[in-house]
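The chains carry the letters A, B, C and D, assigned in the order they are written, with residues numbered from 1 in each.
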Amino acid sequence: MDPRTGRSETSRLETFADGVMAIAITLLILEIDVPEAGPGRSLASALADQWPSYAAYAVSFITIGIIWVNHHHLFGVIERTTHAFLVLNVLFLMTIAALPWPTAVVAANIRDEAGRTAAAVAYGLTMTSIAIMFNAVWRYAAAGLRLLPPDVDPSELRRVHRSYLSGPITYAVATLLALWSAWLSMGIFAALAGYWLLPWSSPRIERLRSG
Amino acid sequence: MDPRTGRSETSRLETFADGVMAIAITLLILEIDVPEAGPGRSLASALADQWPSYAAYAVSFITIGIIWVNHHHLFGVIERTTHAFLVLNVLFLMTIAALPWPTAVVAANIRDEAGRTAAAVAYGLTMTSIAIMFNAVWRYAAAGLRLLPPDVDPSELRRVHRSYLSGPITYAVATLLALWSAWLSMGIFAALAGYWLLPWSSPRIERLRSG
Amino acid sequence: MDPRTGRSETSRLETFADGVMAIAITLLILEIDVPEAGPGRSLASALADQWPSYAAYAVSFITIGIIWVNHHHLFGVIERTTHAFLVLNVLFLMTIAALPWPTAVVAANIRDEAGRTAAAVAYGLTMTSIAIMFNAVWRYAAAGLRLLPPDVDPSELRRVHRSYLSGPITYAVATLLALWSAWLSMGIFAALAGYWLLPWSSPRIERLRSG
Amino acid sequence: MDPRTGRSETSRLETFADGVMAIAITLLILEIDVPEAGPGRSLASALADQWPSYAAYAVSFITIGIIWVNHHHLFGVIERTTHAFLVLNVLFLMTIAALPWPTAVVAANIRDEAGRTAAAVAYGLTMTSIAIMFNAVWRYAAAGLRLLPPDVDPSELRRVHRSYLSGPITYAVATLLALWSAWLSMGIFAALAGYWLLPWSSPRIERLRSG
């Protein structure tokens, strides 16, 4: 804690990261079109036709939300910052802030046979980048307990490493599967978002400190 | 309060929730078109024609604002968080962040006889979802005083439960009424927004602690 | 200050208000078109033609910025909140969050003789509403020293009242002038934004406490 | 530190500045178009054709991110605020909040021979304005140690002055070069963004206090 301001050293980084994640998550809604009733087509059916937009909104919203929850847990154990750590977080946030765009690309193209593969790949690459950068932020902080408290349990640390590492691997595999079936790939992203919502999917990072 | 950071345990959740609600409320203005004067139509009449957009802006803005005030009161008594509680809040915020979209759908379609029913139903379903998720957040926190202080008065707790429960019921009824009259339904949403502004509509959640 | 959280009672209101003002001020840029070079027109001249958009951006940005500075000063003396005060702040923020829209309406119509009066009136009405709501927030807090510390100097309080009251009066007059000349009206809004930037234009609300 | 609120005097300014920078950085993604597959053109090639948008997104994101990191370091030594300092920060934020616009102008025009010079100049002028205002904020705070602690080392202060001053000079030169080659100019902006990411590019402002 900074004795001059009474705030923890990571406080302003958390505020900035929360801001970027809160904005990216809220901008997702802007990508959903506002249809108008026209001759020969009711508004109800126009709204129903947009279901991929709603599904993409929910999957991306939950994914960013879960990343925020995990970032929140991370900063329960990270105690300090360095210039390089701030820079790494900026690059991490760059991948999250990009998510509204592939979300819209998928929603606009998933029902078109010619476009759905490229759209799912763009979505998957963004998701994989987010997962890689999350691991980079964590590994930098954990290496040699650089930004962690000294009382961390090494075996718990290895468990958390493994748990986080499953993210980029799973997302990379789901992205590759898009080349075979875009629907399957997007289904996996949706299933993963649902899975992270479950309490037992949490890596329980707070256990690090009971070592 | 977290002795390491000097901040309450719920502080970062409140910051994130405030961020999402502040952004959703401010994005509402982007849904109002910017008309230009054209041949045979003055800008003044084009601006006047857009009145449903202004009305929808005001109703949605006040609704999110009131939800923010109530969320603020809630976290005056909620003292802790759990992983599941963070996840519930993410799902609650997902419904609030969606509101700019049905607001625009209503503004674009309310004067069109073929579209107004579907638009009002979309608006009502979003409002009802917000109210249901608000209750879910509250009930999770209150169940067995899970996240509340131990000195809560049980009879006051039942009073707050009843007060919050009136939200989803009222909004669900107003949504169903849209099938009969979209104007009536939207009028009820506007009247409810006005009612929540009144000081005596507040559930006075702070009384919980004087038990 | 709240002994439980270690934060002042107005802290979360300030965070929410800062969020809405920061978002409204940053959304202003979205209203400026992105021109492309076309046949017979260079990008340089297309960019130059858009000067009303840049001017409107600067005037609205500075106006919201100055309101933020004043809101900041206000909460240097306001110590408590009530439900009604939170509601008043929500209505105040509703007028600020609306400003990107009349800003875009003015930028799109100021060079069109048929549209500029209506555009300037829309802009002026929004500015006047902001100024009225700012006074409402302040007067509610100050009435009977409801939310102020007890050691406020009554003559200083009257001075601050007069200083803030000049806002809605000036803006209302500038709005009325738009019926005679939209350019004059917009020039006054620009001049006022410039004037508020000057250090001696500040109402020095911190003097309230040296009474 | 303010004894009444337990927060540092600059806390609310930092929150507001963080908000504006977080929003500006996150709005950048809205400027990237969402292509749809059409007859005779695959989505994959449409996505690939948009590479200037991705490059402009990355350069602007990293630039704002680095400015945020530096602003963060600045407020590690700035201890107080004045009305004029708040106003200077508002003007500084006005230049940062404008960046999504020239970013989109460059992305839309960089491959068009007729437009790329004007686009790169618009981008460069915005970058130069940001760098000038950053220096203005810093110089105001440092002049006569107005807002700095009294134990600052004068020779370190001169070193920081020189380090920050290189920003506007470099950006002004890169802007002028756009008149000769827009690609070269944009390449320099990209290279600078990459350079600031390196740990040794930091002006190490925290050394000021070890004087």
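Following the convention adopted for this analysis, a residue touches a chain if its C-beta (ideal position, glycine included) is under 8 Å from a C-beta of that chain, and two chains touch if they have at least 3 such contacts.
Since we're looking at a predicted model, the values are computed, not measured.
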Number of hops, subunit B to subunit C, where each hop joins two touching chains: 1
Rotation angle superposing subunit C onto its copy subunit D by C-alpha atoms, nearest 5 degrees: 90
Same-residue or different-residue interface between subunit A and subunit B, half as cut-off: different
Distance between chain centroids, defined by C-alpha means - subunit A, subunit B (Å): 25
Whole-Å separation of chain centres (CA-atom averages), subunit B against subunit D: 36
Per-residue overlap in subunit B, given as positions that touch at least 2 other chains: 6-7, 15, 19, 23, 27, 30
Complex contacts: residues of subunit C adjacent to subunit B: 4-7, 12-13, 15-16, 19-20, 23-24, 27, 30-31, 82-84, 86-87, 90-91, 93-94, 97-98, 100-101, 104-105, 108-109, 112, 114-115, 117-119, 122
In the complex with subunit C, residue positions of subunit B that touch it: 1, 6-8, 11, 14-15, 18-19, 21-23, 25-30, 32, 34-37, 42-44, 47, 57-58, 61-62, 65-66, 68-69, 72, 75, 79, 197, 199, 202
